[in-house]
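Below are two complexes that have subunit A in common, paired first with subunit B and then with subunit C.
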Partner chain A sequence: MEAPAPLKHGRVSVNQKLQQLFHPEAVAVIGASATPSKWGFGILHNLIQGQFPGPIYPINLKEKEILGRKAYPSLAETPGPVDLAVIVVPPEKVIPAVLDCGRKGVAAAVIITAGFGEVGAEEMRRQEELSRVIRQTGMAAIGPNCQGVMSAQSRLFAQFLWLFPPAGKISIVSQSGNVGGSLMGRGMAFGIGFSKFVSSGNEAVTKCHELLEYFGEDPETEVVMAYLEGVPEGRAFFRALKRVTPRKPVLILKGGVTEAGSRACASHTGILAGESDLFASACRQAGAVLVDTLDDLFYSAVTFASQPLPRTNRVGIVTWGGGWGVLAADACVREGLCLPALPAEVIAELNEFLPSRWSHNNPVDLAAGGGPGVLSRTLELMVKSPAFDGVVQLGIGISSFLRFMTQSSFFFGHADRAKVRETLLSMAVESDKKFSEKVMRLSRETGKPILSASDTASTPSEDNVVMQTFRQEGKIIYPTPFHAARCLGHLARYARFRQKIKGEKPGQG
Partner chain B sequence: MELLEKALKKKQSTLSEYDSKQLLQSYGVPVTREYLVRSAKEAVAKAAELGYPVVLKGCAAALAHKTESDVVRLALADAKAVRRAFKEIKANAGMKLDGVLVQEMVKGQRELVVGLIRDAQFGPCVMFGLGGIYTEILRDVSFRVAPLEKRDALEMMDEIKGKKILDAFRGMEPADKETLAQALIALGEIGLQHPQVKEIDVNPLILKKSGEPVAVDALVVLENAKKK
Partner chain C sequence: MEAPAPLKHGRVSVNQKLQQLFHPEAVAVIGASATPSKWGFGILHNLIQGQFPGPIYPINLKEKEILGRKAYPSLAETPGPVDLAVIVVPPEKVIPAVLDCGRKGVAAAVIITAGFGEVGAEEMRRQEELSRVIRQTGMAAIGPNCQGVMSAQSRLFAQFLWLFPPAGKISIVSQSGNVGGSLMGRGMAFGIGFSKFVSSGNEAVTKCHELLEYFGEDPETEVVMAYLEGVPEGRAFFRALKRVTPRKPVLILKGGVTEAGSRACASHTGILAGESDLFASACRQAGAVLVDTLDDLFYSAVTFASQPLPRTNRVGIVTWGGGWGVLAADACVREGLCLPALPAEVIAELNEFLPSRWSHNNPVDLAAGGGPGVLSRTLELMVKSPAFDGVVQLGIGISSFLRFMTQSSFFFGHADRAKVRETLLSMAVESDKKFSEKVMRLSRETGKPILSASDTASTPSEDNVVMQTFRQEGKIIYPTPFHAARCLGHLARYARFRQKIKGEKPGQG
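The block that comes next holds the complex of A and B.
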């Protein structure tokens, strides 16, 4: 084995190295390929397609040019400095490639290649050797066995998945490439942006807790989400979480059932610990937000990125119809939220303009009474009442609903009926737009979260004016009352955690 | 800690109840008033000093399960009962004892458990829950990673299903959560400062009518414990 190059980055902190990983000026793809079925093609293609602004150097022994870019037979022959190298060569060629990076003075590497510790004992030895060599070069290194890295603000899409979400403030570390891909895919569908994504793979050198800490410091990141299957360095992970959560929410989805404590225990405490979910306890203790499903992870990340934190867990519900209100109330209670009774002055004011059959209680059920103007006034009263610090609003987007209802053949084939349809729809679109803007404004003015749910308006489409309006502020329409209640529950629990670490009582600060 | 070093040198896998409580007490965990005696005469003298009724327990590092070995005598009302209990414990022990513990009889209907384990991933972790026989039946416990802040300790108490046991109930005062929190923090500290301590069970930790907690039984398991 050749001697590694002298340390060029050894005395630089992990965060500084990661800074260059996410904001490189030039990128090399070692193992770039002209064959579209190869990973070495996909990575290069996505880097180019994602409009990375700096030089991209394909490294390939045989090709002169790939995808219109001049190819180089070795990293050493590239004309300028390289900050980031994406390594996608066969496993036995990874260590020589890393040594090349060391000599070139590359700051960070993303090792896509699989066939290391995830396979077996012999491959694990190869991974240990790889870790040792990387540490000697002083580089930051993601992987091996990973899907790549994305940094939207730098237009860096050094990943195999052909996904280009808009730039936003949510960053992801995922021990599974496809779970991360699934989150970004949803983001694209709903118009939700991301800042960074790391498929952390086997974490031979750079560990998930180091990425969490980086995201904690990163000014482009406001919400951190993590999909984890295991954290061998539990205490380092715990300490990293504790440092980040007072500043930014960290959402964690844990895959894989916790290993039962099979070790011999002489105490009851030991036996009970084996049965308990210590991982969940540790995460909660450190202030992380634990989620149950991919759905939960996505919706809660979007919520934290777009909604203010409530001062307390007191929630008001406003609904067009009874059943959804009842289900929302149940879901809120399960989330530990509190549904205070309506203050007398709110009842009196609502009596002024609501039909007498309204619920006279929280949830405020309009019982399908009144038009959009009535809904808007009701919501304003509830949001502005000091009795509530957050509002769940059910039934938004009459235009989506109407578009669905007016698919009936009645409206087609007759010019006058078609015209009625057009008139109805354009009125509904106008009123939806107005109401959506009002929801945004009320939340801004009061600093209270308002979470809106709808069957029809929660599906993205070109003519969904509600979603388009919400999207401008990074907000989303929740598909059910459960999603809204769950996300508000996460917000309230996290808000309480932030108050507790500052020594504040509920509602203070 | 001298008593830990001594026990490790003797290749003990556990500390005796008396030594376990000495360790806990040195970290501020309230424990029963008790004396380790070697004769029936001494037992009677100490019982009188503590005030009747008292408890007698056989005491040795190797005696991890005292109830099963029939070396515990509760609610002894007078000198005669103490002498008889002393004799029976010596006969039942079937091993060399460090001595016999003469202990105050703590009155209280509310039994809790606190403990420490060393997790492979997270290191020392502290447990809180329902004690006595309910520990094994209901398994109503919560865990936190050491070191604990007071906030963590209070949350642990709030997390168990049976948390109402800590409130005022049928003439009993609410639990002294301040002292309980200090005990939980102390267990974490023991775990952090003494890598040789593998596990700790304090069960039961009895709440007196006044709400004051007292460790009535305790077991410290050491790192050189033989795998069972």
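The block that comes next holds the complex of A and C.
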């Protein structure tokens, strides 16, 4: 028997098909529903709410109109070409829907429907049949068993998650929809943007390595985050990884690293988790940044997207309080960072304006001495010293601190304490803004990463002027010394990898 | 030469003196100031603001009155007895102030003033002289170089930090004032109370082991947190630790575990950090709970203060979303917890009401199936099954989720979307409240810990009904699966230690 001729998109490269997936001109939702509790409603709703600029075609046998859009009984009857079809029909109707897509010349499909390889052996056979049919059409296809796809620069929110993060530089491939949601939700809370999100589900056709490869070429993507339970094609995955990591950092959180976790993966995506020690060391060798937790994944992605790479692992610490300085020093060393002694000229200059009780050591502990001007001068000296290629700065944000402290108490001895509070707060806000701008300017001028941590200024809020200033450059305030040290550790390890790739010694280039 | 006769408190035990320190009837602030930028103002301000019920005597040579309180030119001139003196005078005036205290018969002093052992050799001699003089008076003495002392049940806020957490069961000894501030600030943000906080500074006289020993006896303290850079008297410390841990969990975060961190300690408190590997293993042997980070310290203290100890390390996981379930399984196993397979009868019962796509495995992954009623029944089955002695529950809080999601989008197709949103939100709030109460009831009834994690419900806020319900029992929602697994790991390890002490096998008692 002759194989059916490949349809319209058969000879196009995967990257070109994914390009159409993420930048479609028209989208159809096969299985769009008028019932708010159904996924076919949510997906359509979010596409419209996300302000997708091109035509959106709801496909539904009965309805004439859904959410103000004309509905069509079949894909064939839509009036124009369709690049992307989102499929939200029951499992037994997925293959017919895919065949319709093939006939229509759709470039890419996102198959939301679950009930395939993740369920059992019989359903796995259904998934294999689905893959075969999709391959015949030549389409790229995400899923099945996924939450959808987001492409912020195209204003494409073909996803079940009601999350509309701003456009940014970070792209995500996640074999879990809810892990993807955790990441985008955090991004939104912090005002951090994303470029693309793919909930890749069971990866019946389009695999994570193809998405990785695409993100590697994508000019809108500068940092890649991946939550992976397993890679269906190991060799292809590491080949793709090796191609991308010399140009862009790829951050990987691996799920299923224990036997119990791996069992959980099997019933989640049906992808085998594989041997995790081998996987981890192969990832590291290929230049990936391996992270341990959701926090680690989120904070390090934001760091890579907003901080320059350090030339070496030599780090200076500037702190207002001793304990945080000690914890930062410990955390930096544990991350393989080096804390050189202060050069004599830095000590001499600091002695000129710091109160005598300062630590005379790296960490530079101001011991709560002096005002923001003193902190600013200290930081500048440290950042500009050739002894250090990155700086951790602890205790940013007087205004957030003041605001938090004065929730419960404020100078009740004053006749007009509300006014005093407001005056002090507005001075603190001014000073915080100035200092935050200085931190960012110093980093730009020297090309060195400066990571700031604070208890109170690390929570995003409307009146957090530090975070709002940092946000202008996609930066963040880290909540503890550990977070800052960990992220600087990732930056330094990746910088070293890049130097090795180029055959450079540490600190060159 | 004859030693001077011990003064009034010389024959009283350290515990009795500390009892007076934390429950004084009258407090003097030696070095109280009318200038808001001075520490002598801040301390007095906070004592008054904290509503200390007894007399507060500002001691100041020039002022007649500070913050509405009559000031006295010397301690000797105060009209009544003084149990606690807070000393905030310049370093050279500290010893004379201590001698005044001795003559007055003060039971305990808190010496805020810095400029002693943390600075250098000469200042260390000054500290040794100070210790000698204090010992002659027989007083307990905290500091020097500290931020003060808090005792919430006595409404004593003899501290520089403007933090007034509610009264609770957790007591803190911290060799860093700002680490203590981080912990109490977090507590306040989450509505978690503390009993006592001691910023122990250089520990010239009263050492951390004496505080530990006191907390061990203190009926107001159920959980002890310690941030330690070093222990001045190792043997005494481990002896104290061994006496306390069989009755109360002692959580230790060690600063200065690396050489660079240890150097930082030297200029911070002047206490030698010591050999950290030896220290860690000795702590573990003595039954302490060793934590790695500030987050770990805070979350585990809250956990010990609010959750029962599990009989064994056998854990069940219930999750709405697959990825979080996988990550929780991995994290639990890494913590040494065991994830037994689901008993046949649990599978059979779950099959009766769960949609068929559920995981049929531990973690029980509902795959976003069913409403809160289904989640509630599932959780109950798991908690009540003899196969599990603790449960991690992921995805609590529909209302916070809905509130977050609908910030950017909500069913724009509805004619009256604001009203629909409100109706749905109030239904979700009701359902969240009911479910939260059920979680707590199940834990009480079975005596098993249930740790709940959520992206959106883990941030404290006025409209977070889940957190507010949990807070009534001092409980918290963990921000990620890792936090929940880590804290359950600590509980299980400590439970095992307690069983061993009693000579029990795992799961007895």
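Operating definition for what follows: the second predicted complex is superposed on the first by the 477 of 509 C-alpha atoms of A that agree within 3 Å, B and C clash if a C-alpha of one lies under 4 Å from a C-alpha of the other, contacts with A are read in each partner's own complex, and residues count from 1 in each chain.
The working rule: a contact is a pair of C-beta atoms (placed from the backbone, for glycine too) under 8 Å apart; a residue touches a chain by one contact, two chains touch by 3 or more.
Since the structure is predicted, the reported quantities are computational estimates derived from the model, not experimental observations.
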A:500 touches, of subunit B and subunit C: first, second, both or neither? first
First, second, both or neither for A:176, with subunit B first and subunit C second: second
Per-residue touch tally on subunit A - higher for subunit B or for subunit C: C
Partner chain in contact with A:279 - subunit B first, subunit C second, else both or neither: first
Which superposed partner A:320 touches (first subunit B, second subunit C, both, neither): second
Which superposed partner A:162 touches (first subunit B, second subunit C, both, neither): second
Partner chain in contact with A:268 - subunit B first, subunit C second, else both or neither: both
Which superposed partner A:234 touches (first subunit B, second subunit C, both, neither): first
Which superposed partner A:353 touches (first subunit B, second subunit C, both, neither): neither
Footprint overlap on subunit A, comparing subunit B with subunit C: 263-265, 267-269
Residues on subunit C engaged by subunit A in the complex (per definition of touch): 36, 45-46, 48-50, 66-68, 114-115, 118-119, 161-164, 174-182, 185-186, 188-189, 227, 229, 253, 255-261, 263-265, 267-269, 292-295, 320-327, 329-334, 339, 356-357, 359-363, 365, 367, 395, 404-413, 455-456, 479-482
List of subunit A residues in touch with subunit B within their complex: 231-232, 234-235, 238, 263-270, 272-273, 275-276, 278-279, 281-282, 285-286, 500-501
Subunit A-facing residues of subunit B, complex: 13-14, 64, 113, 115-117, 119-123, 125, 127, 129, 135-136, 139, 141-145, 151-152, 155, 198-201, 203, 219, 221, 225, 227-228
